[in-house]
Amino acid sequence: MNKLAIKIGNLTFNSPVIAASGTFGFGLEYKEILNLNDFGAIITKGITTKRREGNPLPRIIETPCGLINSIGLANPGVEEFIKQYGDIYKIFPTNVIVNVAGDNANDFINIIKRIEHLNVIGYELNLSCPNVSDGGMILSEDPNDVYILIKTIRNITNKLIISKLTPNLCNTTELARASEEAGCDAISLVNTYLGMSIDIETGYSRIGKDYGGYSGPAIKPMALKLVYDVSNTVDIPIIGIGGISSGSDAIEFLIAGASLIQVGSIIFRNPQIAFEINTFIENYMDRKSINNLNDIIGTFKGSI
Amino acid sequence: MRRIKSQILSNKRLSKELHLITFTSEKIEEDLLPGNFLHILVSSSLDPFLRRPFSIFDISEGTISVLYRVIGKGTGIMKDLCKGDEIDIIGPLGNSYPIDNSNNIYCIAGGTGIASIHFLIEYIKQNHPTKQITLCWGTKTIHEFILMNEFRLISDKIIFSTEDGSYGNEGLITDFLPIFKDNSVIYACGPDGMLHILKKKPIDLPMFFSVEKRMACGVGVCLGCAVKMNNDTYKYTCIDGPVFNANELKYE
Amino acid sequence: MNKLAIKIGNLTFNSPVIAASGTFGFGLEYKEILNLNDFGAIITKGITTKRREGNPLPRIIETPCGLINSIGLANPGVEEFIKQYGDIYKIFPTNVIVNVAGDNANDFINIIKRIEHLNVIGYELNLSCPNVSDGGMILSEDPNDVYILIKTIRNITNKLIISKLTPNLCNTTELARASEEAGCDAISLVNTYLGMSIDIETGYSRIGKDYGGYSGPAIKPMALKLVYDVSNTVDIPIIGIGGISSGSDAIEFLIAGASLIQVGSIIFRNPQIAFEINTFIENYMDRKSINNLNDIIGTFKGSI
Amino acid sequence: MRRIKSQILSNKRLSKELHLITFTSEKIEEDLLPGNFLHILVSSSLDPFLRRPFSIFDISEGTISVLYRVIGKGTGIMKDLCKGDEIDIIGPLGNSYPIDNSNNIYCIAGGTGIASIHFLIEYIKQNHPTKQITLCWGTKTIHEFILMNEFRLISDKIIFSTEDGSYGNEGLITDFLPIFKDNSVIYACGPDGMLHILKKKPIDLPMFFSVEKRMACGVGVCLGCAVKMNNDTYKYTCIDGPVFNANELKYE
């Protein structure tokens, strides 16, 4: 048996490590240098109804131990996505989850209806992209709206519904609870933090918008805290995200209460991170005589 | 595309800011074409966090050389690497300069743009020895003309310019371009400003630019390295480029 | 004239760089290796009515580009503070500001009354320490409470009142506005972010509490964003804090709208940071022919 | 207390994990006493962010040596430093081992605790040559007994123990302590576990422990390096220590 396997409902993930949306394209880009099934699943770039060119340049700026992005959900739109990847996903080596980004509830529903026939195990609802002014942020602020949105989506699909939350609102736990009550299967968090960087020579923003989404190891301590808080609030599985850059980081999130974890920015630096995390967790389990990942999840003991 | 751990063989300072680093290639060099780049992780510390993209300056059996200018955190660490140290490399990445049937090759290089142009000239000399190569090379000051003898050997003609007039023509290289012959192609690599000026010139020849944009992934997943096209869509430097047909590019 | 000088009301700071509370003790500890008047002011460790021993160990844990602390406001208490430092501050080489940490409004008022006779230019109200369970956090959540607190303090002192805000609530701008309306002289932000770190070998927190306060370069992009937001909300001066580790960082905060800045965690690494920032800003002003710091403050131009 | 930029003179591996680094001292060594520590910044990268505290192993005119074990990020970088590289040092910091009138000195060292004990023994031999020094030295395994000849030279007697029995007594050094003579003082430096065991022993002699706690500032401003005292108050390792009277300390 694969020690790293973990189940969510009736779905099996052969590793708790998932490639985060926006950091792994549509799954094929890195295929020459890694095994796709080192990942329990990969999550696509956020898909919108229409093609989006994305935000003005520059879109990426490095900061100490992290980066700020202002991609602006550049993507080919749902129809082109289906054309390009529908067949590829029929025989994909690991689970595929589509990250769906709607401007409003109708968008979410339309996109999901259009891709429901694809061989993907579920949808991660991007309720939180900081980079689109008319985007998720508004929709995602109110637990009632989130409840209604997810309830409606629940009515049209039996696939996995994952609610992806932002760390930039203070009602994360309420949004998580609303998601759970509406029938959501899992919560993933965190999306990027709001961050800014100024070019002191020109006085302009160093990215194409006034601010962008901040990610990478720098956000880990805060993301871990939020995952812990939310895991104490809901009973559905949590997918922990935020600055994970090593096997040890991944285990911290499991201990804090995450059932699965996502790796994002670190992929740019170390595309083989999933393999490394898997190996690390396996050794850790051997060393500690743990046979089941579930025996790690949520075992945080507090302070000594 | 492969990922390798590479050993530094030498790391020399050639001028105040320019350094040449040579490292083992684990056979990656066999797949390299002029214009391709490598994505290099220079340190195991998480600061700097991202890899750095660099063009190929030169290859030989089992080794690759990169010419780099020390400008920030990453290159600051690079310059202190010693023989035997390890770096982590992903490559080859990106497309390459398209080589057509033209007899006359004009290479226009500004600053570290000379790196990919060097590899290009060497490659053409080796694979298309009858082609005539003119190099137009501009720098800030005389000291940045590194390895001049070698360039004299592989180019048929060189036009020099420096911004401070310390060598060759005084001014920007774009002001001292030769009269282009027919049946020619132009390859240019250098700062955005230089490419912008070139693009505005009424040149009626095929012209290809190698561009530099900030990159996170280098392989097309992050969508960070966008370049604006004439039709207001974006292409991506790392997978659609770094070499673009100058016609396609939009400069505002 | 000193180019770096900046005025707040009728008070002059000979540099915009201030030593942040909790990172510079009571001002004398580093005196052998730096000039105290490289700082426009120094802010003391938070003072409470009674002596506090502080939190259980460990209290400090390093993270990538930052650290998490769980000091728990260890301090000698206001009476001992007066005894030990009252005379020293009579002839201190730069401005002294006392960071005041109350459990409730009475505490704040009692402490300030007791130290009002000291030669200090003002008080920074710690409305936001994450490390004391019965502490500021509760008091500081409601803009009304903050308004009443500051109004009351305004009645008992003419010295500088600075309201120090936490980044962990989502109503920072409202709290800033309430502070301003109540007659506060300046807003300082940010205090530390909530962060967690788990020892995967034991399952326990790596600090003496479940979570602590996160600071250092890692928080800079977020702090800068918040300073920018708040500077667009209030008219009183902002004191920017959060991960500043270079002259360039300091100028970013000025451009974003801060009139002064504080250096915190970086002091542990580079005690001479104030001198370095001063030199950097002076060169920057020379290079750009700027004669007055005010011509930098709040000049952010947005995205290109 | 001063802050200096120091040049590495040598950096040698003495065993699998133990290294000895020697650097210029800019006269700081003149103020150093056994027990003092230095706060060292090993890299200009912001990761690792904090300085690292290290005891003094040895001094000579113009140089200081530190014995260190490679355990994490900071010491991982330290081991790769080469002759000529620069490190940034604040010191001397902390208090020192108090030297009284006792004729017999018992030094108990575990692991890298041997570093400050080495300096202490040298110091006593030089300044109080009539005192009798017994070193009780415990390690995990034989290879960690570094520079043994030198220790034999400066100590009057040495008791060895290794956890794996590969040299000297098998077990913890606290199980092989000699019968202490009257008119003696005990100095101990080593892991918390060792000090804990020592503290519980019914030893009726003055006993001083040098303790290690995580530090941010090293000078008393951050209040991070707290140590619990018997009366449930805290003192601070960096300013009140690192050497404490064992009586004062609370072990739970």
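Here are some notes:
In this document, chain identifiers A, B, C and D correspond to the written order of the chains, with residue numbering beginning at 1 in each.
One rule holds for everything that comes next: a residue touches a chain if its C-beta (ideal position, glycine included) is under 8 Å from a C-beta of that chain, and two chains touch if they have at least 3 such contacts.
It should be emphasised that the depicted structure is a prediction, and the values quoted were computed from it without experimental measurement.
Chains that count as touching both chain A and chain D, per the definition above, are B, C.
Distance from the centre of chain A peaks at D, each centre being the average of the chain's Cα atoms.
With centres set at the average Cα position, the gap from chain C to chain D is 36 Å.
Rounded to a whole number, the gap between the C-alpha centres of chain B and chain C is 47 angstrom.
Between the CA-based centres of chain B and chain D the separation comes to 52 Å, rounded to the whole angstrom.
Listed for chain D are residues 46-48, each touching two or more other chains.
Under the contact definition stated at the top, the residues of chain C that touch 2 or more other chains are 63-66, 217, 245. If you draw each protein chain as a dot and join the dots that touch, every dot ends up joined to every other dot. Listed in rising order, the residues of chain A touching chain D in the complex are 64-65, 217.
Those residues of chain A whose C-beta lies close enough to touch chain C in the complex are 56, 63-66, 68, 169-171, 193-198, 200, 202-205, 207-211, 214, 217-222, 224-225, 228, 243, 245, 248, 251-252, 255-256, 284, 299-304.
Interface residues of chain D facing chain B in the complex, by the touch rule stated above, are 43, 45-48, 73, 77, 82. Chain B contributes residues 1-3, 41, 46-51, 90, 213-228, 232-234, 239 to its touches with chain A in the complex.
Here chain D touches chain A in the complex through residues 46-47, going by the rule given at the top.
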